[in-house]
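Chain lettering (A, B and C) follows the sequence in which the chains are written, and residue indices restart at 1 in each chain.
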Amino acid sequence: LCPPGVLPLCCRVPAWDRAARPPPSSPQPPGLPLAPCRSFSNNKIQVELDESSGVAMMKFKSPPVNSLSLEFLTEFSISLEKLENNRACRGVIITSAVPKIFSSGLDITEMCGKSIEHYTEFWRAVQEMWLRLYGSNMVTVAAVNGSSPAGGCLMALSCDYRIMAENPKFSIGLNEAQLGIVAPFWFKDTFVNVVGHRVAERSLQLGSLHPAPEAHKLGIVDELVPEEKLMEKAAAVMAQWLALPDHARQLTKTMMRKAVLDRLVAHREEDIKNFISFVSKESIQKSLRMYMEMLKKRKS
Amino acid sequence: LCPPGVLPLCCRVPAWDRAARPPPSSPQPPGLPLAPCRSFSNNKIQVELDESSGVAMMKFKSPPVNSLSLEFLTEFSISLEKLENNRACRGVIITSAVPKIFSSGLDITEMCGKSIEHYTEFWRAVQEMWLRLYGSNMVTVAAVNGSSPAGGCLMALSCDYRIMAENPKFSIGLNEAQLGIVAPFWFKDTFVNVVGHRVAERSLQLGSLHPAPEAHKLGIVDELVPEEKLMEKAAAVMAQWLALPDHARQLTKTMMRKAVLDRLVAHREEDIKNFISFVSKESIQKSLRMYMEMLKKRKS
Amino acid sequence: LCPPGVLPLCCRVPAWDRAARPPPSSPQPPGLPLAPCRSFSNNKIQVELDESSGVAMMKFKSPPVNSLSLEFLTEFSISLEKLENNRACRGVIITSAVPKIFSSGLDITEMCGKSIEHYTEFWRAVQEMWLRLYGSNMVTVAAVNGSSPAGGCLMALSCDYRIMAENPKFSIGLNEAQLGIVAPFWFKDTFVNVVGHRVAERSLQLGSLHPAPEAHKLGIVDELVPEEKLMEKAAAVMAQWLALPDHARQLTKTMMRKAVLDRLVAHREEDIKNFISFVSKESIQKSLRMYMEMLKKRKS
């Protein structure tokens, strides 16, 4: 920890000096040079990096509802890591390319009729997404341009700043309890860090999906703007955060978030076991199969 | 802990399936069947259960001020346990049958001129009341229809939701410091969980009794309504909370409150010793006697 | 910990009974009697005690910007200890005798070209200031009559109550990140206790200096008043806090602040080592020298 107080502006760590950046948690294997990443796209997520501003845009493009499948989560973590390792990239804006939905949360097909190995891999990917996003050294801004329940809400909560389209038809919240399930403790910890204990307790117990205006009032999102101004505003907020020297901002962020990140790291395997034990129950499996049948019928 | 995400509505735990409910902390002794509890009344507290809604009403009827005597506290804990063990009961509304007062807090006659054994029993009953109420698996709504200082405030703070009559003559707060004493750490923990550290620090140090409008502004109560609408509103809020599947709501509540409950459980005997050491002081005993003399004169 | 509840007013600990006050952490050496302290002044801080009200006024008078030099910090801690040991003193108002500035924070000349011994002594003095102020048994009110960045902000945050002149040209905040450095963990803990996790996280990462109206909205200061009413208001707030019995108020304050105070006490030497390691870096020293040159040129 560094000292406080009035220190010279000239001792600012230059923004382009990324040497100070702590090593990413999963370094590239030696001999495998990082590809230049001005822009890359894969099945689920499109990434564009503006090297002049140092800002990347990550767009979720997994219709119909950007659900967090194993493939989506893996692509997300890899994309984030690529940006994290790219010295030209200092911040990332995450948003959706699918109309009306930011992300619908975890993909239930990943939890249905699969092997223990699959469940393990899936849940580890959910954890990995959060550990990387909540602990990212980059400035992270969520441009929430649609509804964002459950795991989608978690992704927004894990960013440094949340801007939401002011459309009251869009809602956001950790609504797990509505579905008869319970948000994991690290979803709860992230939520409490944003809105405090009382708002979190009430919202989690009621499984509330808050319309944008209410979400703003409760502090779940920091700002509402008309949908057509969302990206412009996200860029402006990003510029404000990037005006700070990276190194000091990163250490400050770590100081604020480390306790909660460490808690999952310490209980990661136990958390996976809990998930498997839940999802392996025959009653849960039966419910999942029925639900998927219903979804299939709806489509046709 | 269960997983988050979008899970099928059909996997909701049905509201009437109470098998999932964790066992109460003090189970009935074997062979002693639970009496049916549609409605029961004793000296201090009247309980009515509406089996169609699953909601019980607990009315404090211990005039003049519903002070928390050993008898009152014991009846409260027993009544709550009966409801907790009754599968037909999913929520409880607590309120007062005495005009203008919800509860005046701990009964000082229990602390005056009694034996160490009595003090021990009394303080254990205070702890028991809080452990059962703050940790209740049922939805708990406080309909605060009068003033609610000290221990009365604690009871309200321990519920899931607080609605107060909007009469500015009614006040609520942990005013112990005004009386030269200090709220126990678990009163403080409960308060911090509701209003945050800063509001709690200031209010506890000043021993503030907040008029209803101020209490609402500070977040001590969730809602104000005209006194004649209080019970109607409490029923509506209860219905909203009962729309959630019990099991998920209960596990979520436990996740939010366990740390603070565990802290008293871990330090329970120490907390009792502290109380006895305080109340046994000759200076405190003298003050209590003088105060009770004063109260007697006032009555006559 | 004492019991809660309705206790007689007659058991209030009389305000003049200071025997209950816990001993200060660094008692006077034996044989060195405390000087009477109705009013004393030294180089950097002027203290006046009104024995009739029991309230001391501490005025920072170290132009141009009340920077927290080793001498200033030492005088501050000694002055506070004198008042703490004086039974006639129950509260202290801290304010500035320098126009437009409350305090500019840590003095950088103390961190430049000095020995390890000096850095150690300086940082220990910064810690000592905070431990004494945040842990003071007296009622502490900050009358913030000017800008208050970094260490100046910490001093205000460490008081029981903050009143700020409503001049929007005056700003306050822990702006360390703007300067490329990181606030120590105990600055952060103090901030979180006042404004909560989310406001602290955002403000610390952005190194924000909040104009008075914004600071009030965020809860960084409790109240804004016109500058000419500042001292009058501070006296009124002090009188309100002094209406409480000292002993109960002190124990309550300790209950609220102990965890955070204990954390620095437990990591004090480590915190000093961190500071020395930072300030000893050649890059930091070079920056400091350049900055001081710049300041010298500006003056001439």
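Quick note on the criterion: contacts are C-beta pairs under 8 Å (C-beta built on N, C-alpha and C of every residue); 3 or more make two chains touch, one makes a residue touch a chain.
Molecules present, by chain and UniProt name: A, B, C = Enoyl-CoA delta isomerase 1, mitochondrial.
Since we're looking at a predicted model, the values are computed, not measured.
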item	value
Chain contact topology (line, ring, star, complete or other)	complete
Rigid-body rotation angle, subunit C and subunit A, from Cα fit (steps of 5°)	120
Proportion of interface numbers common to subunit B and subunit C (over half same, under half different)	different
Centre distance in Å when subunit B and subunit C are each reduced to the mean of their C-alpha atoms	38
Subunit C: positions in contact with at least two other chains	196
Subunit B - residues contacting subunit A, complex	1-13, 160-161, 192-196, 219, 222, 240-241, 244-245, 247-249, 251-253, 255-257
Subunit C to subunit A touching residues, read off their complex	67-68, 104-108, 111, 123, 126, 149-151, 154, 174, 176-185, 187-188, 196-198, 200-202, 204-207, 271, 274-275, 278-279, 283-284, 287-288, 290-292, 294
